[in-house]
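In the two assemblies presented below, chain A is common to both, partnered first by chain B and then by chain C.
Let's turn to the complex of A and B:
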């Protein structure tokens, strides 16, 4: 997994490339929680994800819960087919805010 | 190596050698490192004729913290953020600093003197370094009856600082080992609890069976089978995200809630909603539980199912297989408000087939070529084994997953519900 962290229009955009599994999820978790602790909205670009398992999902859920408590925005953008499949399977597509693209996410709900 | 002159060592030297031998032994055996460092500093101050002494250690946050001290004022716990003071200069240059008159040293800060009333005249500060690792420094203050600390005294203090550093490293290693042992004990205990919580094996004629294979001793998976008084059978399979002791304890809590609530609450949707309400606040740090609960009526051959984010079950009949899509809710422990009105249920007729439930450890098990097994791979595997009675079939399926083609990256659990074989 490669993490690209960028800033865009006041948002932190975290792009996750490749496989988000047990080995890599802790890095994603740290990137997301660190960004949220900074008090800004976070967009996770899931378009380059080739595989995500329950530990990757757990990192997203922890960030979601943290954002909800802290009143920050937390948006998943453009999930790839494998990511969308897992989100749908676990009915999490009804929990997360999901945008079609990073640009759409920055424009807000 | 220089050959020492054949005269007896001076009284000073022999006293210092005694000190080194004594303190090195003391440091090496230290059980309570704070206590031994404190006593060591008192001896150092005494032998080197210093008014006061402090030992600073670099903590995990990168500050120098006073872990032991002796003298007229107590500065234990004093924290020095990275900066220009004499102690930091010693650590940075990794070399002893002898300062005869601190007022002429630009790095001297009189903050502590102002706060404590102590008057610093001169100091000797030596680095505490072991095998290249910078651990901190020892600083001694105000040579009694003299101007400054000598080069010999500086060398002696460096030797003692190295012994003190070894004592610190020993203490850290001992603590890490104790923590590891405690963790191993906890994990062994959790594994015992889990084994005790899984239902015991039943005869082949019983309609529901399950098998669990932990990936690393402790599993985040569970399944349960609870026969009710009216002949129906409640069952559930679940997967706790996360590893180790927290996942194991959450698994134990969720499965005991199911065992208790399945007898008291009618219908798997209401049972899931009640478990979600009970877990509120207990699930933190991104942990969550996917769970599928059901109620099977052997008399009618029908099952009622409800899902909280769990993988779709597979209904396998002679004529073909179908994945049962349950319009369920997200996993337990994330969005309590969604469960407040209960969880939707779906009733299905097994029509003489077998209903398989599994956790994602199974569908994500990797075949030798690296591809995921996915639900279709499981189906092919089970179809090959279909002639076997249920308990043997589940055993054989797990054995194949483990040994032949696949590597289990996660815990794996498989359940089957069937009637009328």
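Let's turn to the complex of A and C:
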């Protein structure tokens, strides 16, 4: 898993590339929670995810809950087919804010 | 006719999950699975092995044996570990909001596989999980 963390239009964009599993999920969780500590909204670009399992989903849930508590926006952008499949299996596709692209996410609802 | 697709022993460690997924993906492809079927079987095996690592062995070291075979349109996966026996009751479905440790992974397994059961493990082993998925194509 490779994480590319960027700032864009006042948002923190965390691009998540490759496989998010038990080995890598702790690093994703830390990157997301660290980003949220800055007080800005976070966009997670899931378009380059080739695999994600329950440990990766748990990292997203934890960050989502932290964002809600802190009053920050937390948006998933352009989930790849494997990511979309797992979000749907977890019935989270209607819980998370999901945008078609990072650009769409920065433009808000 | 039953065709063996995979029979490999791996160290049950997070850094080996990628190797396990690649071996399972290759075997599922050889069985004629399409993209979605292959992704589903890979997810189920990853989750099952993850539960063995996290909840079976805990801080201890151990191995996991992953076997796959296809019989007609049934893709059969067996995962054997050497951890203490688990309570077979964990396989029973429960609502997502009543999640136990490892519960989301089990929910994924139940969602993508057609049949799951703990079988009597071979002598010396701890648990034998069998998962079956009915697939469209034949080997």
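Observations on the model:
We take it that the second predicted complex is superposed on the first by the 109 of 109 C-alpha atoms of A that agree within 3 Å, B and C clash if a C-alpha of one lies under 4 Å from a C-alpha of the other, contacts with A are read in each partner's own complex, and residues count from 1 in each chain.
Throughout what follows, a contact is a pair of C-beta atoms (placed from the backbone, for glycine too) under 8 Å apart; a residue touches a chain by one contact, two chains touch by 3 or more.
Treat the numbers as computed from the prediction; the structure is a model and nothing was measured.
Applying the stated clash criterion after superposition on chain A shows that chain B and chain C collide.
In the superposition on chain A, contact of A:13 is made with neither chain B nor chain C.
Which of chain B and chain C touches more residues of chain A: that partner is B. In the superposed pair of complexes, A:21 makes contact with chain B and with chain C alike.
Judged by the touch definition given at the top, the superposed model places A:29 against chain B, while chain C stays out of reach.
In the superposition on chain A, contact is made by A:57 with both chain B and chain C.
Touch criterion not met for A:98: it reaches neither chain B nor chain C. Shared-chain residue A:67: touches no atom of chain B or chain C.
Looking at the shared chain after the overlay, A:44 reaches neither chain B nor chain C. Applying the stated contact rule after C-alpha superposition, one finds that A:78 touches neither chain B nor chain C. Residues 21-22, 51, 53-55, 57-58, 89-91 of chain A lie at the contact with chain B in one complex and at the contact with chain C in the other. Chain contact summary for the complex, chain C toward chain A: residues 14-15, 17-18, 21, 36, 39, 42-43, 46-47, 50, 53-54, 96, 104-105, 107-108, 111-112. Across the complex, chain A is touched by residues 239, 241-243, 284-288, 290, 307-312, 328-331, 334-335, 338, 360, 364, 372, 409-410 of chain B. Interface of chain A with chain C (complex): residues 19, 21-23, 51, 53-55, 57-58, 82, 85-86, 89-91.
Across the complex, chain A meets chain B through its residues 21-22, 29, 51, 53-55, 57-65, 89-92, 94-95.
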